[in-house]
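Can you keep this structure in mind? I'll have questions shortly.
The letters A, B and C name the chains in turn, as written, and every chain counts its residues from 1.
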Amino acid sequence: MGTRIESLPRSCQADRLMVTIKTGTHLPTRAGALNGVIVPEQPGKNAIEVRGVRKVFGTGENQVAALDTVSVSIRENEFFTLLGPSGCGKTTLLRLIAGFDFPTAGEILLHGQDIAPLPPYKRPVNTVFQSYALFPHMTVAQNIGFGLEMLGKPKAEIEARVAQMLKLVKMEALKARRTSQISGGQQQRVALARALAPQPKVLLLDEPLSALDYKLRKEMQIELKRLQHETGITFIFVTHDQEEALTMSDRIAVMSAGKILQVGTPRDIYDRPAERFVADFIGETNFLPGTVVSKQGGVATVKFASSATISAGYPEGFDPTGEVTLVVRPEHADLVADPAKGTIAGTLSNIVYFGTDTHYHVKLDGGDNFIVRHQNSRSSPVTYATGAKVGIQFEEDAARVLKD
Amino acid sequence: MAEPRVMDIKDQPGFRSIAIICLLVLYIPVLILMIFSFNSGSLVTHWEGVTLNWYGSAFLNEEFHSAAKNTLIISVTATIVSTICATLAAIGMTRVKPWRGLAAAFMIINLPLMVPEIITAVATLSFFALIAGTLGLNFGIGNLIFAHTVFCIPFAYMPIRARLEDMDLTLEYAAADLYATPWNAFKRITLPLLVPGIMSGAALAFIVSFDDFTITQLVAGPGQTTLPLYIWNQIRRPMTPEINAISTILLLVSILFVSVSFLIARRRAK
Amino acid sequence: MTTATLSPTPLSPQPLSKAALFEAQAVKAGARRNRLLSLPALIIIGIFGVLPLIIICVYSFLVAAPYGGVQWQFSTDAYLNFLFQRDIFDDTLQFTPDFLIIYLRSFLFAVVTTIICLLLGFPTAYFMATRPPAQRNWWVLLITIPFWSNLLVRTLAIMFIIRDEGLINDALLALGVIEKPITMLYTNFAIQLGLLYAFLPFMVLPLYSSLEKLDFRLVEAAYDLYATRRQVLWRVIIPLSKPGIIAGCLLVFIPALGAYVTPLILGGGVHLMIGDLIAQQFGSGRNWPLGCAQALILMAAVLVALFFYVRNTSGKVQHG
């Protein structure tokens, strides 16, 4: 087996299982579809295996490594997301899988077979492009049938499949239209139908929702999940939008500077970020400096400057010692009026009202800033005033030690 | 001004008048030339009445016939050959990984546009004289076809290249992604989308060949009179409005092809 | 096991993957295919366009044959004859500026044509670029038609108007402004007028394509910063459209310098320009080497202009 960078969800602590499951956006019928639940590893059931892939662009002095020795396994029937800022290499990885570019080193296995040296038209993998790339001189139906036609399928089969696809994406009424005569959201559906029609082993989606407005994007997120569920095809989804990644994915790979930093379920990534970049890129985060005093069974005891201590989990395969950085999500902490009752204390510097919740900016006694998010409710008993001395309490397991 | 107007920031004083004057200056002489093709008098400049006789006599004129035939043979052949060559070259030279010699190839394609016509004319004349003298080769009217093809290629090349550059590269990726082999992707996606550019290029190639005077005049052998040469021969004789009629026909052909090329190009811009 | 393996390139320490080899092969095949596709056009232009230019370079160093053509004998007479004439009695060279005068006159014609075309063309192009899009298309079509129309016929149209019995003289006579027709045809004035008429569209179109891309928010910004209309024109619009101005000037200057049809018809063989001079050597002059030398001197002037253009636009080529 090649090196696997993904952190296995097995390391999760048992109490994480009690976390409530969000409803609506995902379907609890299939393995791996439950956010926040351990997905059992299924050996030998990988749709795509990326092994030690490097991609270098340019020659000589201008060489740039877009991907720096990346390995990752993507399971069958999985909604897998490559998440990262622009230029992190996520689109390059997608293009390597599609066959528009070729790796400088490494292998890309599709069901165990190396497809990296194959041209795109020989790979049973289809792509939904960011710009949709619909053929402007063809109708909606001709676009959808193009792949099957190129595969040399009989006419009757193509027609039946196109009809099925049109129904799947609810575009029957517009099948005879030119692609320039339909709206952006409709073009998006046609692009999806076109890529799904040849029944690919894997569907690649390159930021397909980025051109849509907010409302349509939300609709299409649900639509994509439905399509993936109904077709049972492995989806590899590229995005820079962390919210999109968290709500849609079974698993997420967070990428930065040509490397995969962490692979895991949305809850893994959010609750147990392994590195500072991951914690920072996804959601709002507080970073606290501390010193490791002791550790036992994957839990370290960390002492703050205020000499208060806290127990915090740390990533598997990492041995924290000495000065470390802790990460605490703003909603996993709470304010207490009595500074003495908090684990740490500080002065309330700013209160920002957000409607659903309120952010309290606290200037800690050690000099760092800390944000506490408090959900608003009609019966909020306590009110705070800026300038007040407050204490901060942490929820159980709120703090995590970061790798760097 | 009686009605106060909001200042349009784009306006510059006097520019409108100059633009209109330019347009009038460009069109009035040509329009007068066209009007006098209907003059019933036999003088080119004194108006006597309306007639279509001059068109009739032009169409019955043997010399006009043979000139028109030569012109069409040369222009149509040169257009077809140059458009095919230009299309292939544009495909091989646009949106591709730079190959060795690409920059030089680009210069060669554009060379006929940079060399003044009179130099091309005497150079081509010298060339054909040399191969006739040393190798005994004379292609007859083929000499003119070759000469025209050379300067038609860059004119056909420009709109085809522009069209290719405008084309979304992801369309070809999408075709390859949907199992189209490179040839199928070209046949089903690239070529159909390139057709307007090819038509626009062919129209331009036809116009420049159809209208060419300088190179044709120096290279043409006896019996290879084209329409512009025919007009030139007529100027040196006492002129009748027949020459206006023939000139009008030439202008109308130009206008037709420019408009076709222009409209194709505009439609693609939408 | 004695062979020492040499690393192929120091830049890729890892062995190339199968995929990388496939890619390298595909790139190579692609380059070969693209070269092959370009070949027909390059061969035709190479044989019938480039080779003739080389031939006239050779011809310019040969001796003229008595009835046209050349004799294969090396000579620099063609270039000497450009400035000097050999005295038939004492074989000395005498400075004869006849050709030089024709070149300078052509240069002057081309410069004046360029300047006037710019003065008329810039406002026209600017006016076109500021019309609403639908109107703009009509303007562009109206300027494009003369751009591509038969130059011979257009020159003929000018000739009909300025002849002694042409429309202008007729009108002036009828109005009693003059008693005798003014001679305009076959004068320098006629050639200048013809050149302006011929090349005005060549100035307007590149200027237009440059002005069309002008960001008018910059104009607004300039007005906002208290600039007057005149200041906006000179300090904002003109500097921003410099590439178009240079392209337009070149598109007028080069063909005007080598103009052939215009002086042929409107100069009547009396007032020669370079183009007619060169053609003459191949016709009645029967001195092909001299004609070739004259053509190459014209080519040199064009290259200087093109060099100036390339240096000023730093690689950005604009087509009209």
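We take it that contacts are C-beta pairs under 8 Å (C-beta built on N, C-alpha and C of every residue); 3 or more make two chains touch, one makes a residue touch a chain.
Being a predicted model, the structure only gives us computed values, none of them experimental.
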item: Distance in touch steps, counted as few as possible, from chain A out to chain C; value: 1
item: Result of counting contacting C-beta pairs for B-C and A-B, higher pair; value: B-C
item: Chain of greatest Cα-centre distance to chain C; value: A
item: Distance from chain C to chain A - Cα centre to Cα centre, in angstrom; value: 59
item: Chain centre separation in whole Å, for chain B relative to chain A (CA means); value: 57
item: Separation of mean Cα positions, chain C and chain B [Å, integer]; value: 16
item: Shared-contact residues (touching 2 or more other chains) in chain B; value: none
item: Multi-partner residues of chain A (each touching 2 or more other chains); value: 119
item: Per-residue overlap in chain C, given as positions that touch at least 2 other chains; value: none
item: Contact footprint of chain A on chain B as seen in their complex; value: 168, 170-171, 173-181, 184-185, 188-189, 192-193
item: Interface residues, chain C side, partner chain B - complex; value: 27, 30-31, 33-38, 40-42, 44-46, 48-53, 55-56, 59, 69, 120-121, 123-124, 126-128, 130, 137, 139-154, 156-161, 163, 165-167, 170, 197, 200-201, 204, 216, 219-220, 223, 229, 233, 254-255, 257-258, 260-261, 265, 274-275, 278-279, 282, 288, 291-292, 295, 298-299, 302, 306, 319
item: Residues on chain B engaged by chain C in the complex (per definition of touch); value: 9-16, 18-19, 21-23, 25-27, 29-30, 32-33, 36, 43-46, 81-82, 84-86, 88-89, 91-93, 96-97, 99-101, 105, 108-109, 111-112, 114-127, 129-130, 133, 146-147, 149-151, 153, 157-158, 204, 207-208, 211, 213-214, 218, 228, 231-232, 235, 243, 247, 250-251, 254-255, 257-259, 262, 266
item: Chain A residues touching chain B - in the complex, by the definition given at the top; value: 98-100, 119-122, 125-127, 129, 131, 133-137, 146-147, 150-151, 194-195, 198
item: Chain A - residues contacting chain C, complex; value: 54, 56, 59-60, 63, 101-108, 114, 116-119
